[in-house]
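Input: structures, listed below.
Two complexes are shown next, each including chain A; its partner changes from chain B in the first to chain C in the second.
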Partner chain A sequence: MKQRALNQCMKVSGDPYGYLKEWKGNNNKKIISCFAMNIPEEIIHAAGLLPVIAWRSNESVSIGHSHVASFNCGLTRSFIDDVLKEKLNFLDGVVINRMCLQAQGIPFILEQNTKWANIIYMSLPALYGSDCIRDFFKSELDRLIIAMEKCSGNKITTGKIVNSIEIYNHNRKLLSDIYEIRRKNIGIISAREMLSIVHSSMIMPKEENNKLLLEVIEELNLKVAEGNHKSGIPVVIYGSLCQTPHPELLDLIENTGMVVVDDDIFIGSRYFVNSLDISDDPIESMANRYLSHIPPCPTKGDYKSNWSTYISDIMNKNKAKAVITLMIRYCPPHMCAYPDDQINFEKKGIPEIMLEVEHEIISLEQVRTRLQSFVETIGGI
Partner chain B sequence: MLYFAGIDIGSLCTKSLILNEDDAIIGTSIKRSGAAYRGAGEDALNAALKDANLKSEDLNYIISTGYGRSRIPIADEQITEITCHARGSSFIFPEARAVIDIGGQDSKVIEINSKGRVLKFVMNDKCAAGTGRFLEVMAGSLDIDLEQMSELAKQSKKEVQISSMCTVFAESEVISLFAGGTEKAEIASGIYRAIARRVTGLASHIVSGKKVTMTGGVAKSKGMVWALSKKLKTELLVADDPQIIGALGAALIAKTKFNNL
Partner chain C sequence: MSEYKLNRLETTKLIGNIVDKHWASLRHAKENGEKVAWCSGPVFAFPYAMDMKCHFMAGYSAYAGGRGAAQQLLEIAEEDGELIDACSYHKLHMGMAAAMRKNIPVRKDVILPLPDLLISGRLCPEMSHYAEGLYRKMGVRVTGVDVPPPHQKSEIKYFEKYVERQIRESLIPALEEVCGKPFNYDRLTEILIVLKETAMLRNECWEYLKLKPSPWTLWDYGVSIAPVFYLMGSPEAVPYYKKLKAELADRAAKKIAALEPEKSRVYWDGWLPWAFLGKFSRIMCKLGMVPLVGRYPWEFFPHPETIDTEGDPVASFVKQVYSNGGQAKDNMPSLNLPVIQNWVEDYKIDGLIMFSSKSCRMWNLGHNDFIAAIERQNGIPGVVIEGDMVDTRMNSFAQIETRLEALAEMIEARKE
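Moving on, here comes the complex of A and B:
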């Protein structure tokens, strides 16, 4: 089966360091890391810079231990570890959203340990509802625009932002289309492959990624015609905020008799779920997207949304039989939200199992036992 | 006559059991697993066959379970130890609605229905603290065997707290208590109560108000059963040989699978 484009996605996702170093060498443009969720990338893009979403490193934390507590999440620990090991020297700066207590500590470590001229700390509001929150959000965007103009030397006009929104919306649409193909053809693509597709979008320039995704769609349509897709108990995975779950964990899920049909993870549908309105006031459009209650997020003080209801709606849409919670170890927002979600799943009779996602993989065989037992329980053995 | 086998390859011991079509246990064996699960599984099965006076070709269906379950090519199918302990427990104690299985490397608490099917389970799979391996290390620190440790614990007249549940740190704590003049009996009792505290934290929401059976090699330790019963405030149901319950469940499932072929 032809899968050049899918292989390219997996290559980029597997080695973002190599891809970005090469891209920078060929394009001589600045690269700005976005740490991690909800950074308005369109503004960075409109400045002629390449925004890339911060990723969890591909190796165990070593010297990072001296700067970040071992009870921090994998993303914060490994990002700082990468910085200290000088693996991220190709970056020209970082935009950090104050989304949790662990992220709040990152800028101070970066200021002391990098030569980056652009370390932008954003206080995107953790609440919804009032006009003053909306005004505050928009003022933060204005501050980002000024910072990115200074970083790039380019003026960010309304027209440039609208153009960036169109490119980003197209990317969201293409990712959404790929999810729709999976929904209609369960098992046509593995969870690992889907992860690499979304991850490639977070790393590559959107213009190039859009071309690649169109090719991925072509390949998938050919595969649909070929038939012979993986089967299993259809499940939805959710959680894994801010960072990649281990692909090995996704493989394990699909090798124990389940097949992932949809997700609500950050490097998944959470990244592209809402498009922006195209209007004369793009800042207002960004506010509309950010202040929407979809997808529900435990990093926000959102008392109107119910995450478990949102997940059960996704399950119904996909005729899924069970849900798998991917809990990032030491992610306090998700850890606080989980007990209520777990109770709600139980009340609704939804089989659910929680897997902890750690940066350093240990004991995969025990996880296999838990997953296989879960399948046996659902299957009535 | 039809015959079915269960092979339970645990991290410390491999157990095998032969069941006939009338659900009678006609052969069992328990061997150390060592580092080669495949060999251990085959050795245990051969020993159980010898015990049952049968040959391998007499077996109609074999199910492997336990940590090394996927390493047994002779098995027709592999099922997790959680499902197998549930089924085996229900066979021995039909009134049981919860199972506490403390094995060599991890511990599980399983809620079951009247048919021995799993409704819910929790598993401590992060480290070997509070498991069979932990008990072996602690007994080694006291320079006694596990049976002596059980007997000693009952003689304890004072409660000593063992606070650390990491095997490495707990060993240091035990040596420190020993050096400070604390009696072995008190330390042994403290070790059992420490494990009981840990298991209760894992188990309480599942076992509350239910008939509970304890399985796995650690259930052979009278000191552990005593401490856990006390902590859970319930009389634990323990089979004559709780270590073979996983293999029994595997053999029972083998029979069902064969009949459904």
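Moving on, here comes the complex of A and C:
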């Protein structure tokens, strides 16, 4: 089967360092890392810069631990480790959003240990539902615009932001289309492959990624015609805020008799659900998206939303039989939200299992045993 | 027998009763027909101004930790599904809520009445999680105030306006609705007047920490924090600090040190280990080490002279959090480093202890960067010790002792 485009996604996702270094060499443009969720990338893009979402390396953290203690999430530790090992020297700066205490602690470490001129810290607000919150969100965007204009030397006009939104919306639409293909053709694409597709969109310029995703769709359509897809008990995975889950973990899920039909993870549907309205007030559109409660986000102080209801809606849409929680180890927002989700799943009779996602290599054998007995319990449902 | 002698203060023995009275009045509020709020972040002066009885998240946690009830509440929370690595303060609250819901017998003095209003003051993003959890479990009304810590000086005024506006547009209307009466601005002013007087006295007490040897320690100040924080405005606040100041003046005149002999003077970063103050004190005493200053205990209205008691009390309060008091910036190391570097000189500090709480990530990122920067400028050593402010299982005292011994040796070596 032809899968050039899919292989390209896997390559970018597998080695974002190599891809970005080469891209920068060829394009001579600045690259800005976004740490991590909810950064309004369109503004960075409108400045003529390349926003890329911060990723976790597949190397163990070493020198990073003398700056970030081991009881912090893997993304934070790994990002700082990469910076100190000078693996991210191709970056021209970083935009950090105050999602959690880890994100709050990063700017100081970067200031002490890098010469980056652009360390931008945003305090995107909690969803406390007042005009004041909306206005503050918009003023944070205004600050980002000023910072990005300074970083790029380019003026960011309303027209440029609208243009960026269109390009990003197209990307969102293509990713949704790929998810729809998976929904209609369960097992056509593995969870590992889907992860790399979304991850490629987080790394590549959206213009190039859009072309690549169109090719991926063509390849998938051909595969649909060929038939013969993986089968298994349909499950939904959710959680995994900011940090990439181990692809091996996803393989394990799908090798123990389950097949992932949809997800609500950051390097997954959380990244692209909700397109922005195209209007002559793009900042308002961004505010609408950020303040929309969809997908529910435990980093946003959103006490009203019920994440488990959102997940059970995704399950119903996909006729999934169980949910697998991917809990990033030491991710406080998710750790605090999870107990209620777990209770709600139980109340609704939804089988659920929680897997902890470490940065370091996990013992897959133990996970396999747990997954096998989980499959046995849901097998008859 | 230790070669060091710890001289305990008389005044600090009074604080237990004052604090107990506060929590007892909260426990009995409903019986007395009073409204109750639970609050995280620095905005509890507002329910106080409405004569509500109000809990304060960190204050309650310190109280439960100090009473030896923390471990039981943490375990109840975990039984109820909370995860072990989540913030201990969050879990203490979830444990208390679970004990109430499930009727699990725990010490009565750590069970509070369910609030009429949960105030989610989001200075730390996790300060909102406990309100989210309690809302989901108990359905209690929540009102939120986002209190972002500034990362740069330019953000201070801007955030100040944002917080002030939320208080006026969200918090005050919610309080008015819950209490069924207009907001009492005069009472807020009265609270500020008492707070100002108390914190001015406290600042005079701080001056004694600069003496060498010091007549009191950071631990003594730690147990004396409530009158400048969640006991703000209470009738006991000013008399307590007057008494404390007099005792310190007397000690200074008689040259009585808190620890005799005072071998080294240290800075303490991060939370005070509420449930383990005695243990830490014993370890440090053995080494002749006196803790004197730290950024968390200095959060509480360090510039009371700037509290405006004549003008608008809402603006005056918020200025204490931002432009005048600077409380919010204590959580952002970039603006804090120069402050600590000055303290090292002012308090004649010999070494740094960075207490890295395993369940609270507020202070622990960049601890070694702090040590490196301060060592470069001030030439003193530091160590990071890992533990938790209330969870016994996260503290290895043997390891902590070894680290502190190493610090003591480094300090000695530098002195030589």
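The working rule: the second predicted complex is superposed on the first by the 378 of 381 C-alpha atoms of A that agree within 3 Å, B and C clash if a C-alpha of one lies under 4 Å from a C-alpha of the other, contacts with A are read in each partner's own complex, and residues count from 1 in each chain.
Note that in this section contacts are C-beta pairs under 8 Å (C-beta built on N, C-alpha and C of every residue); 3 or more make two chains touch, one makes a residue touch a chain.
If you're wondering where the values come from, they're calculated on a predicted model, not measured in any experiment.
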{"item": "Which superposed partner A:N288 touches (first chain B, second chain C, both, neither)", "value": "neither"}
{"item": "Contacts of A:Q3 with chain B and chain C, given as first, second, both or neither", "value": "neither"}
{"item": "Chain B versus chain C as contact partner of A:I106, first or second or both or neither", "value": "second"}
{"item": "Of chain B and chain C, the chain that contacts the larger number of chain A residues", "value": "C"}
{"item": "Touching partner for A:N154 - first (chain B), second (chain C), both, neither", "value": "neither"}
{"item": "Contacts of A:E365 with chain B and chain C, given as first, second, both or neither", "value": "first"}
{"item": "First, second, both or neither for A:S130, with chain B first and chain C second", "value": "second"}
{"item": "Which superposed partner A:T377 touches (first chain B, second chain C, both, neither)", "value": "first"}
{"item": "Residues of chain A defined as touching chain C within the complex", "value": "66-69, 71-72, 76, 98-102, 104-109, 111-113, 121, 123, 125-126, 128, 130-133, 136, 139, 298-299, 301-304, 306, 327, 329-330, 332-333, 335-340, 342-343"}
{"item": "Residues of chain B defined as touching chain A within the complex", "value": "67, 79-83, 106, 117-121, 123, 125-126, 253"}
{"item": "Contact set on chain A toward chain B in their complex", "value": "362-363, 365-367, 369-370, 372-373, 376-377, 380-381"}
{"item": "In the complex, chain C residues that touch chain A", "value": "80-83, 85-87, 90, 94, 120, 122, 124-126, 128-133, 135-137, 142-146, 148-149, 151-152, 155, 158-159, 162, 165-166, 169-170, 331-334, 337, 356, 358-362, 364-369, 372-373, 384, 386"}
